[in-house]
Amino acid sequence: MYTGGYKAGTEVKSLQLNDLIEIEQMAAQVIPKGGFGYISGGAGDEWTLRANRTSFDTRQIIPRVLTGKSMPDMHTTILGVPLASPIMVPPIGSHGLAHITAEAGTAKGAAAAGTLMACSTVSTLTLEQVAAASTGPKWFQLYMLQDVGYSRELLHRAKAAGYKAIVLTVDTTATGNREADARNNFKFPLQFGNLDIRGSGGDIHQLNSAFAMKMDPKIIEFIIKETGLPVIVKGIESPIDAKIAIAAGASAIQVSNHGGRQLDGSPATFTVLPAVAKAVNGRVPVIFDSGIRRGQDVFKAIASGADVVGLGRPVIYGLALGGWMGVQSVFEQINRELSMVMQLAGAQTVEDIKHTQLA
Amino acid sequence: MYTGGYKAGTEVKSLQLNDLIEIEQMAAQVIPKGGFGYISGGAGDEWTLRANRTSFDTRQIIPRVLTGKSMPDMHTTILGVPLASPIMVPPIGSHGLAHITAEAGTAKGAAAAGTLMACSTVSTLTLEQVAAASTGPKWFQLYMLQDVGYSRELLHRAKAAGYKAIVLTVDTTATGNREADARNNFKFPLQFGNLDIRGSGGDIHQLNSAFAMKMDPKIIEFIIKETGLPVIVKGIESPIDAKIAIAAGASAIQVSNHGGRQLDGSPATFTVLPAVAKAVNGRVPVIFDSGIRRGQDVFKAIASGADVVGLGRPVIYGLALGGWMGVQSVFEQINRELSMVMQLAGAQTVEDIKHTQLA
Amino acid sequence: MYTGGYKAGTEVKSLQLNDLIEIEQMAAQVIPKGGFGYISGGAGDEWTLRANRTSFDTRQIIPRVLTGKSMPDMHTTILGVPLASPIMVPPIGSHGLAHITAEAGTAKGAAAAGTLMACSTVSTLTLEQVAAASTGPKWFQLYMLQDVGYSRELLHRAKAAGYKAIVLTVDTTATGNREADARNNFKFPLQFGNLDIRGSGGDIHQLNSAFAMKMDPKIIEFIIKETGLPVIVKGIESPIDAKIAIAAGASAIQVSNHGGRQLDGSPATFTVLPAVAKAVNGRVPVIFDSGIRRGQDVFKAIASGADVVGLGRPVIYGLALGGWMGVQSVFEQINRELSMVMQLAGAQTVEDIKHTQLA
Amino acid sequence: MYTGGYKAGTEVKSLQLNDLIEIEQMAAQVIPKGGFGYISGGAGDEWTLRANRTSFDTRQIIPRVLTGKSMPDMHTTILGVPLASPIMVPPIGSHGLAHITAEAGTAKGAAAAGTLMACSTVSTLTLEQVAAASTGPKWFQLYMLQDVGYSRELLHRAKAAGYKAIVLTVDTTATGNREADARNNFKFPLQFGNLDIRGSGGDIHQLNSAFAMKMDPKIIEFIIKETGLPVIVKGIESPIDAKIAIAAGASAIQVSNHGGRQLDGSPATFTVLPAVAKAVNGRVPVIFDSGIRRGQDVFKAIASGADVVGLGRPVIYGLALGGWMGVQSVFEQINRELSMVMQLAGAQTVEDIKHTQLA
């Protein structure tokens, strides 16, 4: 599957984890340098990448201790999909960089963890292969392509394969300046399952040159018309864009800065979340990603307006280290943390978290 | 007393101290790594542990210099107990990790320093042994257990042994994610005096599994009914909980985040103290802990609404290094600092500190 | 051309750049230590030098993603001069310190990049030599000299040589305390083309002793009267000075703190830009410099009131590393970044940037 | 003169200085470790010592550039004493720790620099010796002693010796916890000229035990009555104390936290200066010290309400390195910086600085 001698992870095992911080350095031992730089890095000076983490420190959770609440219940739903906890696998490209089972491993792990996974347009496997490997709920993520006809074909294939919603990524009309890739002279060492026109050996600029460079509300309408599926608009940091997306029929808003990989100097997502949530005003659910590593981060994001959060890089690190079982271990770890945080904060349910005031 | 070759401190001597900051590294030379990690560490990323210290830097003491005041008097009382200074020993588990005399050493040192000590449910010695060793005032701390009958038994034993108040800890319905313990693979190397059902060799999760996972005002009422003793509710960071506790009959509120050991991402106690004190509004005394290391910290806490502060880890470090005499040295050090701060700040009495405006 | 064995860069080649941050250390390999310290250093503790960079982190760009905009157009004009992008070469002294082609190389590179360059009074070459080497638009910068007659002569020569505007620097009535130069015992190793009275071997204090030590609006009027050319007043951080300059006939205001080389402890230019722009109120264009290294910095400056920005040290580093082709590479790099930022931020034109609200 | 093999500086020479920051490490090469720790250190965690420096970064000087001002005039007066610049030598104990000429060297250097010096109660030489060595203006600083009669004697001797004002230090009713001294086991290696009851070999606690531990407005009245000289009250951080001092007859207020040597956790003096100056409201001059190292610090302090500033540790470092000529060099350095700052900021006179608005 790989070119250029690239070697991804091969093990399938449960992981002994203390947290989802140290897992990054554990994964760096398994994923080749170029791939690791691509996965872990951010754009430019990585200011936004760092701010995605440090912004959580700007708010605190005041424990409520005399509530009589116990044994938190983390179950929730998103667009009708039941989840074991409010944490899902957001769309992430090229899982094959991390593990030879690629998205099939992640899908199996997500299902085992009782959560849903979004399959990326730029997956290593074909969307049908990912669907076949998944026994849990799944969404398909679309990078709108310059080739509209092929975009339509992907949407129809996704619907046919059982994907229940489309995540439209809107923040990638240009490639972020991911300098680690340039320094590592990183070339993709593997094919893209859904994009047969692009062979391996290209860099990310070549890949992204296939993407539409213009994004407007009509694309949302186009997807709805073609599929009849709910559309999640991912990559929103502005309240104005949230309103535009909803007006165009979006079923959910995903607050994201692409994990700090696109526009360096854009705000941390946790910073803009309250304003976007206010603009959404409960009309559709809000999904949040970029920076989640801790149960307390999940809690803070939900207390700030999110309904569900996406957990990205740590899932890929778990995949690299232990295949589907590693993914499951990652979810066990963060779910254990979230449960502890809910208990200590006095929140019985996800709904309780939403009604918590942060300090 | 110890299993697994664990060796706690054995010396009994006065300590030459410059401050209660460097004592931590001194103690790390005496306490085995696992025990030291357990004592010194905090939960998660230790953000709250650090914030407990750095939060004191957010306020300053403006010296008052032309007051005609001199020779500060640090005496005060808490719930009728006279204290040589407004600094006491709060409940801390397993003193035997630090020194072979365990709580008996601490109790003797606290009495020598003219202050009171609270004996923890999870003490190394039995509460009766601790009481026998103590010639000073003492309180008993209760972790409400899932076994209500045994909790009642402990309360009755405590009253019989001469404890004059019950400190109910309410912030421990789940165990914080103390990762140092996991990394050190720390197992308790010694028994718990009051909990014969739990032998040595367990980890903190096993220990805490005996604790009640649900905390509500009825537990406060239960303790009052069983003992007739004043109840201090410890582990409050929310003004709402302070009000609930007082309504349920609490005789004092202890603002604490368990030394940053429970919910990482909760606020520094010094940050929330003014709001809790405002909610309490003088109806009952406020005890403060988590982060005190300096005389100026004591001053700032009292100027922000506390009546008395608890000094935790430094006392255990003093115990490790010098037994009861080490505990006494620790109090001499912080009392010397507090006296100096009061003199330089122009405060004659603890009451004067309360009327000081911080910058 | 050089004395004391000084060796400037000699290569003429395109540069492989990841960003204009790392170019500084690349250039430090080529430029001798004394010259590099002179170019890269700031005044005093270099607080202002650092603040010029960190101040950009105080504001963020919220990406607008559903705008339907694509293929950003960076073209703009300044005082009637068309520019390929809103980034120009501001006046910088002694390009010969960096490269043997000195200002001729920079001028050729700037022209190749489709932008304008300002030639400094203290250029290595004569202003006529610089003009002859330049095929693009050019301005002449004046350090008003104590010798008014010679100042007049320079202005007339500049006009005759085809310079289309005069940049009057007003922030150099004393030399900043550039301590790196003192520590390196740096002496100018080369002549100044326009100032034949000052030979090589002098230090910056000797050089500046030729400058006028008094700056007032009459100097602006004097230049207008002598040349009939537009006057840009450079070195403004105060709204009051901006108003005075405009009242005296200035055609543009250049917000600058001389790259942190003059008054350490003065504000970062990005910090004062909004207030100066408000005072200018659109009456004349605002040029901004001091601290620009990234496309996002350009975007933020323009969104905060600038029309065009000056890019200083990175241009000199590009010159040192690759002569005129290095200068061109530097502009290609920052233009590529700016284009990406505009695309990701949803700005089609420079005018769109001006109407962007930063977070 | 010295005991215990202590060796202070002996050289008399001009210094080549880049700034008054690096002079500290230069001086550390000459002054023995114990003495250097005593001079350079602060109290406790040295938070206030550091804040004295970093607080200056909270305000910036906006250069005014089109003012037509030039050749700044730094002359000013304080309580009728003409000064070459608004920078004086505040009272500092034991100059003999730095240089064998002790206060005689400093006095000669201060006179050469055209400024005044305050001689400390705890000077190495007798106040008469210091007066004899000084050809410039001089004040005498009093630590009010427990022995009132001897305090009176000192005041009368000071007046007789030609001191023109009395600086009453009011912030030293207890000794700060200067931990460097304890760690270095520092004992004073030399006598105090004015306190014959205290021999060498004592530590600072022994020394300070002679001081009055109670400070009130009557002491100000006492000094006025005994001497008829103006009294400067030094060690004020509270507006209330400033008002009390003025009401008791103080002729000037000295905002000081004793260089961060007394109450750690007290505010930086630059932070409280505006509030104290507002309380003083121009009724008497305000002298400022603690943290001054740069010309820009002097400017910022004066723009924030000070009339004159004291320069402490750098003067002692200059004395250690070059005797009286070193002191002169230190003043030349900071005066050169202040002159440059005034020129670049557009301030012609000290009065102009006072009317400058900081950013």
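Every chain is named by a letter (A, B, C and D) in the order it is written, and numbering of its residues begins at 1.
One rule holds in what follows: a residue touches a chain if its C-beta (ideal position, glycine included) is under 8 Å from a C-beta of that chain, and two chains touch if they have at least 3 such contacts.
Labels paired with UniProt names: A, B, C, D = FMN hydroxy acid dehydrogenase domain-containing protein.
This structure is a prediction, so every number in the text was calculated from the model and none was measured.
Hopping across touching chains, the smallest step count from chain B to chain C is 2. Fitting chain A to chain C on CA positions gives a rotation angle of 90°, reported to the nearest 5. Relative to the C-alpha centre of chain C, the farthest chain centre belongs to B.
Of all residue numbers seen at the chain B-chain D contact, under half occur in both copies; the interface is built from largely non-matching residues. We define each chain's centre as the mean of its Cα atoms; on that basis chain C and chain D are separated by 43 Å. Chain D has its Cα centroid 60 Å from the Cα centroid of chain A. Touching two or more other chains at once is no residue of chain C. Viewed as a network of touching protein chains, the structure reduces to one closed ring of chains, two contacts apiece. Listed by label, the pairs of touching chains are A-B, A-C, B-D, C-D. Taken together, the chain B residues at the contact with chain D in this complex read 18-19, 21, 56-57, 60-71, 294, 296, 299-300, 337, 339-341, 343-345, 359. Within the complex formed with chain B, the residues of chain D that make contact are 44-45, 47-48, 170-171, 173-177, 179, 182-183, 213-217, 233, 235-238, 240-241, 244-245, 248, 257, 262-267, 271-272.
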